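Labels for the chains are A, B, C and D, by order of writing; each one numbers its residues from 1.
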């Protein structure tokens, strides 16, 4: 079995964006997606700290401390970019104007509940940032995560045990093993890693899965 | 390559159907998207709900749309003007429904729709006829009225400059309702006077980022803003 | 008895504005106030259709259809002006950022209720514009009006019979006969037209009045 | 003649007293008004409630104010960072109160204060720990949480340019919370790099009109924005 690499996951996410899509890429794994946007498509990236039309990281020495992303890393602004204040930026998110956001996750439930901001561990300092706004705001909320925890437990769960970020918000899950849609009828597998059978995937996953009609037959 | 320009005012209105809610920018004539309103009259859609600050002036634009009896309901703050005779006639006949909204509540309700806010408490209108039947609440010793967002199917607005991503700048007080209406509609169409190459608009001075704009109609000869008045 | 002229009323209003005050002048009589702002004071005028730093009317032939006031008359913008959209403009008003607004009125009650937008006459088409937002928003709401109706009735009333614009919002009333403060203890006369006695003013006014401590003695 | 400039960072804070609520602009270091924060540390006021997106970084600015134990409560969205050790220590000791607010609700609550809104229903946070105990409401089939405005006694912000009326422009993503905080405080102090003659700022591109600004502190040598990075 050959798992999807992080770059393969990112490329798979990016291939879903149509020309002209407005997209917010969360901190961590989702930032990789920017490297995989097809060259023939114009995708406009939003960063919640007040920039639409975000470009790639600057060359070393060209960093501008006033041009950063939500992770406070230096970025650039493309021709056509615009700056705005925080209330306007989150109005874009909350108002449903972003086509996609891509977020990391601790857990996703069968109903599309998302837990990605806080482990809830005693003594842990909570920090939420814009995670809850992205989760409720974008028209399509994509999650990128490892399928299993380091201990081998499914991160796709019947019900999140970590504190929720938002209820029923996730539309599609990209893991190293599969691509899974969250639908009103439950989770539907639309892609699967080479050499992994549907039954094997089901065994690794804590929630019943269905096959998409167009799911390619895989080696047993 | 993204290019939000449309070829004609008629193409700009593709998808408009009867019974839609349509926001129309402008405060009087400043910021009124004349070419798009004319196209809406040609289009023929009826039973419309129109959101505008006023209810049409004289014998052009929105006033003509009213005269053609294509508007079921108007949501506005100031319908009665010296030259609002088409509205006045329909209103007195009972042929049009009026939802009168204080101007600031109108603006805030449009903004709330664009910002995903489900409703808000405003002090404006408390204790008046215009708040009758509405939920009220005392907060920190002050009285407020609950108001709901106003969403639209289309927003037709006028701006000064656009680029192919749909970024917009406006001209002076013609800005008025344009930026908030752009955010509150499923499909926003901006009539502009100047089309600029991508990157020509100062990113610090873009007023409406392109995310709020679906279609751009370039109308170079805009009679309502004489060339000598341009800045 | 010598009534205050409209220009005297306007000058009296304008003399209340301190240097640097932010002021909105309503449609009608209040627009006169702009002509009487003392030359040595910088007062910044707001018009709710999106301009701060409004200047006087343009010279004939210099009108710009995109630079108008709330009454849709051509105006100008001073150096230091700024333009903004309607939600931002009314946030300035509702948020309490204007120091003064000056409004016309049909009636003002002893408690400072204002009626200035609608006669309520059957068949009359109502129109409210920004009147309610100004009335609740400015820190000081000034009213300029004739003291009496054409029929000779007091426009200062125990309770407004016209539809209200806002409750308890008026701070000071400027009429052709007097200047009257609305206070928690009732209406207090702070200035009075030459040759009109306090008792005469009281007789013309539908509500009990008190004298301000510094009210100049007038001819009987 | 109106001139909102103050002579020094200390003069800029005249009127600050213990137990006040103070908003501090910035997202990380971008837009952080370093000179004003340093003056607040020198000032000595304590028992403060601070509103900022974060809870201080490393050993300067807001982090130092925390270290000096002058902050009773912080209202923010993202306190935990790799270099938030001063906050972390106080928090674990129970020596500081944390009101954690989703970033968009934080921005909207600040904006609501400036706009005179008594409260609003937001979808953000519904069904989460951060909405526990808060009023909820279903509106048109969607669930919302009721949130209240956040007002402040002072707002300390950083902008790029100002004129004597207090009109402000910002620099790139350093704009962030500046414009909304300016509107939400009884006294707003802006630290700027450039002072311009009245009329030099394009009225179409003023981001914060002077009505929201009480004092301007001109700080020409701002180390956090190198000269070569200026636009």
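One rule holds for everything that comes next: a residue touches a chain if its C-beta (ideal position, glycine included) is under 8 Å from a C-beta of that chain, and two chains touch if they have at least 3 such contacts.
Small disclaimer: the values here were computed from a predicted structure and weren't measured.
Peer 1: Please identify each chain that touches chain A as well as chain C.
Peer 2: Neighbours common to chain A and chain C are B, D.
Peer 1: Centre to centre, by mean C-alpha position, how many angstrom separate chain A and chain D?
Peer 2: 30
Peer 1: For chain A and chain B, what's the span in angstrom between their mean Cα positions?
Peer 2: 35
Peer 1: Where does chain A touch two or more other chains at once, residue-wise?
Peer 2: As it turns out, chain A has residues touching two or more other chains at 77, 83-84, 87, 90-91, 93-94, 136-137.
Peer 1: Which chain B residues reach two or more other chains?
Peer 2: In chain B, the residues touching two or more other chains are 108, 111, 115-117, 122-123, 170-172, 203-204, 207.
Peer 1: Quick one: label the inter-chain contact graph as line, ring, star, complete or other.
Peer 2: Its topology fits none of the listed shapes; call it other.
Peer 1: Dump the list of chain pairs that touch, please.
Peer 2: Result for touching pairs of chains: A-B, A-D, B-C, B-D, C-D.
Peer 1: For chain D, which residues count as touching chain B in their complex?
Peer 2: Interface residues on chain D, with respect to chain B: 108, 112, 115-123, 137, 139-140, 142, 144, 148, 169-172, 202-205, 207.
Peer 1: Which residues of chain B touch chain A once you look at their complex with the stated criterion?
Peer 2: For this pair, the touching residues of chain B are 1-2, 111, 113-117, 163-165, 167, 183, 198-199, 201, 203-204, 206, 209-212.
Peer 1: What does chain C use to touch chain D in their complex?
Peer 2: Spelled out, the residues of chain C in touch with chain D are 19-20, 22, 42, 44, 46, 52-53, 77, 79-84, 87, 90-98, 136-137.
Peer 1: Could you pull out which chain B residues touch chain C in their complex?
Peer 2: The touching residues are 27-31, 53, 77-81, 84, 87-88, 91-92, 98, 100-108, 110-111, 122-130, 143, 170-180, 207, 224-226, 229.
Peer 1: Spell out the residues on chain C that touch chain B in their complex, using ranges where they run on.
Peer 2: 47-51, 64-68, 72, 77, 83-87, 89-91, 93-94, 113, 118, 123, 125-133, 136-137, 163-167
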